[in-house]
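Chain nomenclature is as follows: A, B, C, D, E and F, assigned in order of appearance, with residue numbering initiated at 1 for each chain independently.
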Amino acid sequence: MPQFNRILLTGAAGSLGRELRSGLAHLTTHLRLADRADMGTAAAHEELVQCDLSDPEVGMEITRDVDAIVHFAGVAREQSFNEIMTDTIPGTYNMFEGARKNGVKRVIFASSIHAVGYYRLEEVPDTRQPHRPDSFYGMAKCFGEDLASLYWNKFGVESVCLRICSALDAPKERRNLWSWLSFPDTVRLVERSLTAPRTGHSIIFGTSANSMQAVSNAHATHIGYDPQDTADAFRDEIEAQPLADHESDLVRNVGGFFTNFPHPDDAE
Amino acid sequence: MPQFNRILLTGAAGSLGRELRSGLAHLTTHLRLADRADMGTAAAHEELVQCDLSDPEVGMEITRDVDAIVHFAGVAREQSFNEIMTDTIPGTYNMFEGARKNGVKRVIFASSIHAVGYYRLEEVPDTRQPHRPDSFYGMAKCFGEDLASLYWNKFGVESVCLRICSALDAPKERRNLWSWLSFPDTVRLVERSLTAPRTGHSIIFGTSANSMQAVSNAHATHIGYDPQDTADAFRDEIEAQPLADHESDLVRNVGGFFTNFPHPDDAE
Amino acid sequence: MPQFNRILLTGAAGSLGRELRSGLAHLTTHLRLADRADMGTAAAHEELVQCDLSDPEVGMEITRDVDAIVHFAGVAREQSFNEIMTDTIPGTYNMFEGARKNGVKRVIFASSIHAVGYYRLEEVPDTRQPHRPDSFYGMAKCFGEDLASLYWNKFGVESVCLRICSALDAPKERRNLWSWLSFPDTVRLVERSLTAPRTGHSIIFGTSANSMQAVSNAHATHIGYDPQDTADAFRDEIEAQPLADHESDLVRNVGGFFTNFPHPDDAE
Amino acid sequence: MPQFNRILLTGAAGSLGRELRSGLAHLTTHLRLADRADMGTAAAHEELVQCDLSDPEVGMEITRDVDAIVHFAGVAREQSFNEIMTDTIPGTYNMFEGARKNGVKRVIFASSIHAVGYYRLEEVPDTRQPHRPDSFYGMAKCFGEDLASLYWNKFGVESVCLRICSALDAPKERRNLWSWLSFPDTVRLVERSLTAPRTGHSIIFGTSANSMQAVSNAHATHIGYDPQDTADAFRDEIEAQPLADHESDLVRNVGGFFTNFPHPDDAE
Amino acid sequence: MPQFNRILLTGAAGSLGRELRSGLAHLTTHLRLADRADMGTAAAHEELVQCDLSDPEVGMEITRDVDAIVHFAGVAREQSFNEIMTDTIPGTYNMFEGARKNGVKRVIFASSIHAVGYYRLEEVPDTRQPHRPDSFYGMAKCFGEDLASLYWNKFGVESVCLRICSALDAPKERRNLWSWLSFPDTVRLVERSLTAPRTGHSIIFGTSANSMQAVSNAHATHIGYDPQDTADAFRDEIEAQPLADHESDLVRNVGGFFTNFPHPDDAE
Amino acid sequence: MPQFNRILLTGAAGSLGRELRSGLAHLTTHLRLADRADMGTAAAHEELVQCDLSDPEVGMEITRDVDAIVHFAGVAREQSFNEIMTDTIPGTYNMFEGARKNGVKRVIFASSIHAVGYYRLEEVPDTRQPHRPDSFYGMAKCFGEDLASLYWNKFGVESVCLRICSALDAPKERRNLWSWLSFPDTVRLVERSLTAPRTGHSIIFGTSANSMQAVSNAHATHIGYDPQDTADAFRDEIEAQPLADHESDLVRNVGGFFTNFPHPDDAE
């Protein structure tokens, strides 16, 4: 008997969404899936809704009769101010607002390392230090985290903000030696966030069990996340690559190359 | 010889704007004033621009040839999500973006206690603790502070975020015994923020020299703010009022009655 | 019109009690005074109750129809384990329990520096560090502070624990250059603790405005305590005394000579 | 050759006491066992003393010729103020006082999570934060910890206060996913506390190696405690139980259902 | 009757030395003065010793029969590695070693802001954060502070390390608005450091009572330093100077222009 | 293809040097080895230079064409002030200065627990707390760490300071239960320090994966050090030794017996 009756998963057609679609199935009787893109064929326990979450009515409708929301819509790339204001942030807002109005108990929000991307590696930031966004993408994540705080303190909606670092099928560059989050660990992280007895408004970094860690979950142990994969297995392969200059934006800050992106208006 | 050639002051027709209009005059050769409302007659050193700052072109135009921006547009009241998304936040964004494009050195941003309104009084939060917004108004201030962080780290625009507590002509209720910021102290706070040798991305609480303090500027002393007024002089008068219940939202949190506001969509 | 209808002051015949008896009169219509010793003649606004507070029935009776309790019974001297268990602690317990049962809103508890007496001077402990009692007297204060915490968290009784340092008519020894609390400042400290809008469970050190401070109220500013006296005026006189050895118990720890007391069972 | 000549274990007839009776045997030539209840038959290396530890003479006698005391007397249930004052606390005091007078080097004191039960789960309190008792039972533990501090600083008696969370044969409810302490890990915890080269006055939380941790031993690593069991193995079974409301006292605070107990005088 | 019988003041011919020579006279029956340079004529209470403190025998001789050492020899300018190794550090070592061998109770060591010069202004470092030297001059100060730590912990010699900021007759540039230490306040700082009941190994920043503070003495209040002068009086005059670029080494770090010095071997 | 073209290893004839000589070989095409003592025969990839590093010309020469320096010269024993001033510190300085002039990217400096030896075990110091040297040997390590800070902040030379605890072939005494660093873990520690993407100025404690830890690497996880050995395997053997008095210098402080050493001038 699954712990949940119905979970809503947004961004279900994305790379992480596909992993979660199968990985979370055992937790819930019904799994509602939402995405702008086509999501293929629905399994018996699945409800597929192709839609635009930035539309408030869609948001209200899709969160009905749901126990928990796993909000993974969106991709990790820089966005313009306009885009985050008319699309990304409204999508997130509609999820929290739907949760409030429809009595959904908990929201798992895919935040990002880019909400704090300007901490230097050797600072090893933890989940209680203030934001240092490295991009407009990161600004949208900051907004989502603050919204989670507001909806918890004022409206009693629980949440976990997952500061996903580098969710990839395998580590690809030296930075991933600390930042890698394997797909199975992504599923574990979401599963623990859904089933933890109490989260209030919690923030947790999403990395695998890598020996190298440039962020700290010392204050997030109450979630019970226990990663099983590690980038260490890829070390030899990766260290065959040349070392980048330690002062380059690529390695200097935990946000990596996002700190290197120009202002979207200046980029072509 | 004033220290600045041209300062832009937004929200110049508001109650704090009027104080700053006269209070900052001695610092600058030219004072550009902006507001949606009528600002009366321009003095010799003044340039009056009645305009809507949420328009990007206006923002770009009005920040031209400016040394520093004092962004006080907006009033301290709860706003709907829609309003902050289409008006308040774009107005703030346009100021930072104008500063970046036009080479303005520093932005003084009127943030608010409501960016951290859910700290309890006895926690005495300082300027290095994370956001705890108490309202959508507070959400817009959180966004502004994070934007200031991004524009400093990525684009080198300096800023001071003033978390104004209760800027009033006189303390009116018990909460004001710690939260009061007199008008002259508001001017002092902005003046010091403009003239401090270096601010990077700084945050400072705005209260007068009240004996009672529920927020801490222990990490903001580099601004050199030295308030001269105090709510203590009003204590007898104020303490003639009955004590509110300590558990009521009115006194429990530093955000005071803002934590009491319903969701704007639910309010009529 | 006083802010309180009836305040209970215990230990009213003691040296601090006498100061508070007159000093708090303006705050309350009725002032109930309790002590084991004779308290002289009652003024029109006073109710005198000579009694033993360690008797639960006395405790319940004396806290009836009271708005706030100022619990100053007891003197600052080492006590035996037996004495704190049968007299001091029960007296304190009866005050909190009376507050709970009779709906008293706030308890001001005369705690002491001796609850944390084993911090060294150069550690400058603040109000958020754990106990380090220096005596059985200090143990009784630790118990009172923890009781205040329990009664706040569980039963909603507010409190302020005053860690009184050296309440004397004048500084007498070098240690008093930091530890002195004048009698008028004692009254100010209690007054602010009674009238602060919200205290929850708060702890504050009680010293005058001495330049030298070996304890920190950085996290207790929400009480609004603003001392007016200072030991500095007595410096010349006091520094005519020879310096004690810096390693002697007398100056090494903030508890001063209490850390020097032998176990009460070993003392004659 | 065992490391200790004689260890005293109190509460030897209790559930943890029985585990320790066998588990500590290899550490000591003589094992003195004390309890109010019958403890069965003494093995060759055992000395059985059925007695009341709240009697000072008993306390003095039973700690004679002892190298270390493992004080586990008492059960984890709420108690009245009277009971802790006349029985629980005196029992603990007599152990420390016996240690002082008889030259016992170290006391291992079974404290409890209920000394800090009012921290919320997501605060993940560590061993350097102040007390927040959730019950009178917790008050007795707070007293014991402060006594340990006094006896270390003043009289040189070393101690380790074990804040035992949920010592059970197996996890039974969702809270135990973080709070469980297996019986073998209880033995390991006591063993390491006894044999650590130096403890001074140390505090450590007692949980098994559960992935979920709502308390932090980050500052207690010098004890060398290395738990081998984990509640994770029981997760599926336990998560078949419904989630409690996150705001219920049962899950809100680390003290769990103890925060839910009424005042003992009000309970029947 | 002065508190000290004999104080040794080194660097007595320097600008601060001359202030201290007269300012400390009232504290001591005999004032021994040392410098490489000529110190003029000795007053009745003075003993003048023109000498080289880097000579161990001189160090041992000059600290004989002394109660306290005020070690101000040296000037605030960058030095070569060779110079600090053969002159500055040996001079400091000889003072501590003389104190140890001759039973001198306390050493007041003129350290410098340049021991932590690489903290940024907005970090507002306090006295418990680690070193960040900005020069070889700063390295010599770091060594002196660590030596003070060693001599306290191992040999029981008390000390106060004064991290002097900008000791000048008047503020001269914008940086001095926070960094200025007036000459009279220098004397006050040394006086309090000499007469504080206990210092152990203490560190304190030396600035006047300027509104702007880029360093924090929050943990050094036990010294009792109470500055009476302020750079605020010079603000208008100083702010007539143009603002430096906030990213220039001159204003970026608390060490100011020292962070700008090239390596001494590269400078001509 | 090794990651480095040429690494310089100093102290190559010492016990740790010999381990590193073989352990680092796979990382580098050329391994330059330096020591005062004879280093035997050079392998094909090795360059042997018997020399005195305290000579500046030697230092400049030997760091030429080098990618990284592993500075392990020196042995862990107390030294006189003279020795550290004329030999140990100059040797370290010459390495950093050679790195600066010759463009070497990173220096791995063998610092020591004795730079912070006066923290008590139960304080469990981390890498962000200030120095507390326990010896002149420790003073030389403090100087090296501060030099690393200066060369990073001012000259952009990266470094990792390894605070080696007890590098031994096997644990020998109870203290080693927390302090032991195995030889293979020493190699792992240096390897990770060399290959971490960015270190800036980092400090890390060097111990194996012992259950007992009296120092904390919580802020040094970005190095990626992952020890594989543990002193736990030696526990039974070691605990057959008698416990030392907990107040003896041997166990009281993390510096162990170094805190017990007399001043070198007093020792014969």
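In the analysis below, a contact is a pair of C-beta atoms (placed from the backbone, for glycine too) under 8 Å apart; a residue touches a chain by one contact, two chains touch by 3 or more.
This structure is a prediction, so every number in the text was calculated from the model and none was measured.
Asker: Can you list every chain in contact with both chain B and chain D?
Answerer: Looking at chain D and chain B together, the chains touching each of them are A, C.
Asker: Just to be sure I understand the contacts, which chains border both chain C and chain A?
Answerer: B, D
Asker: Taking only the C-alpha atoms, how many degrees of rotation bring chain C onto chain F, rounded to the nearest 5?
Answerer: It is a rotation of 180 degrees, to the nearest 5.
Asker: So how far apart, in whole Å, are chain A and chain F when each is placed at the average of its C-alpha atoms?
Answerer: 40
Asker: Find the geometric centre of each of chain C and chain D from their Cα atoms only, then give the gap between the two centres in Å, rounded to an integer.
Answerer: Whole-Å distance between the two chain centres: 32.
Asker: Provide the C-alpha centroid distance between chain B and chain F, rounded to the nearest whole angstrom.
Answerer: 51
Asker: When you check chain B against every other chain, which residues touch at least two of them?
Answerer: 218
Asker: Using the definition of touching given at the top, classify the network of chains in this structure as line, ring, star, complete or other.
Answerer: other
Asker: Applying that definition of touch, give me each pair of chains that meets it.
Answerer: After working through each pair, the chains in contact turn out to be A-B, A-D, A-F, B-C, B-E, C-D, C-E, D-F, E-F.
Asker: Quick one: in the complex, what on chain C touches chain E?
Answerer: Against chain E, chain C makes touches at 120-122, 124, 174-175, 177-178, 210-214, 216, 218, 232, 239-240, 243-244, 246-247, 251-252.
Asker: Per the contact definition, I'd like the list of chain F residues that touch chain A in the complex.
Answerer: Touch residues, chain F against chain A: 1, 3, 105, 156, 158, 192, 195-202, 218-226.
Asker: If we count contacts the way the header does, which residues on chain E are in touch with chain F in the complex?
Answerer: Interface residues on the chain E side: 81, 85, 89-90, 93, 97, 100, 118, 128-136, 138-139, 142-143, 146-147, 149-150, 153-155, 259, 263, 265.
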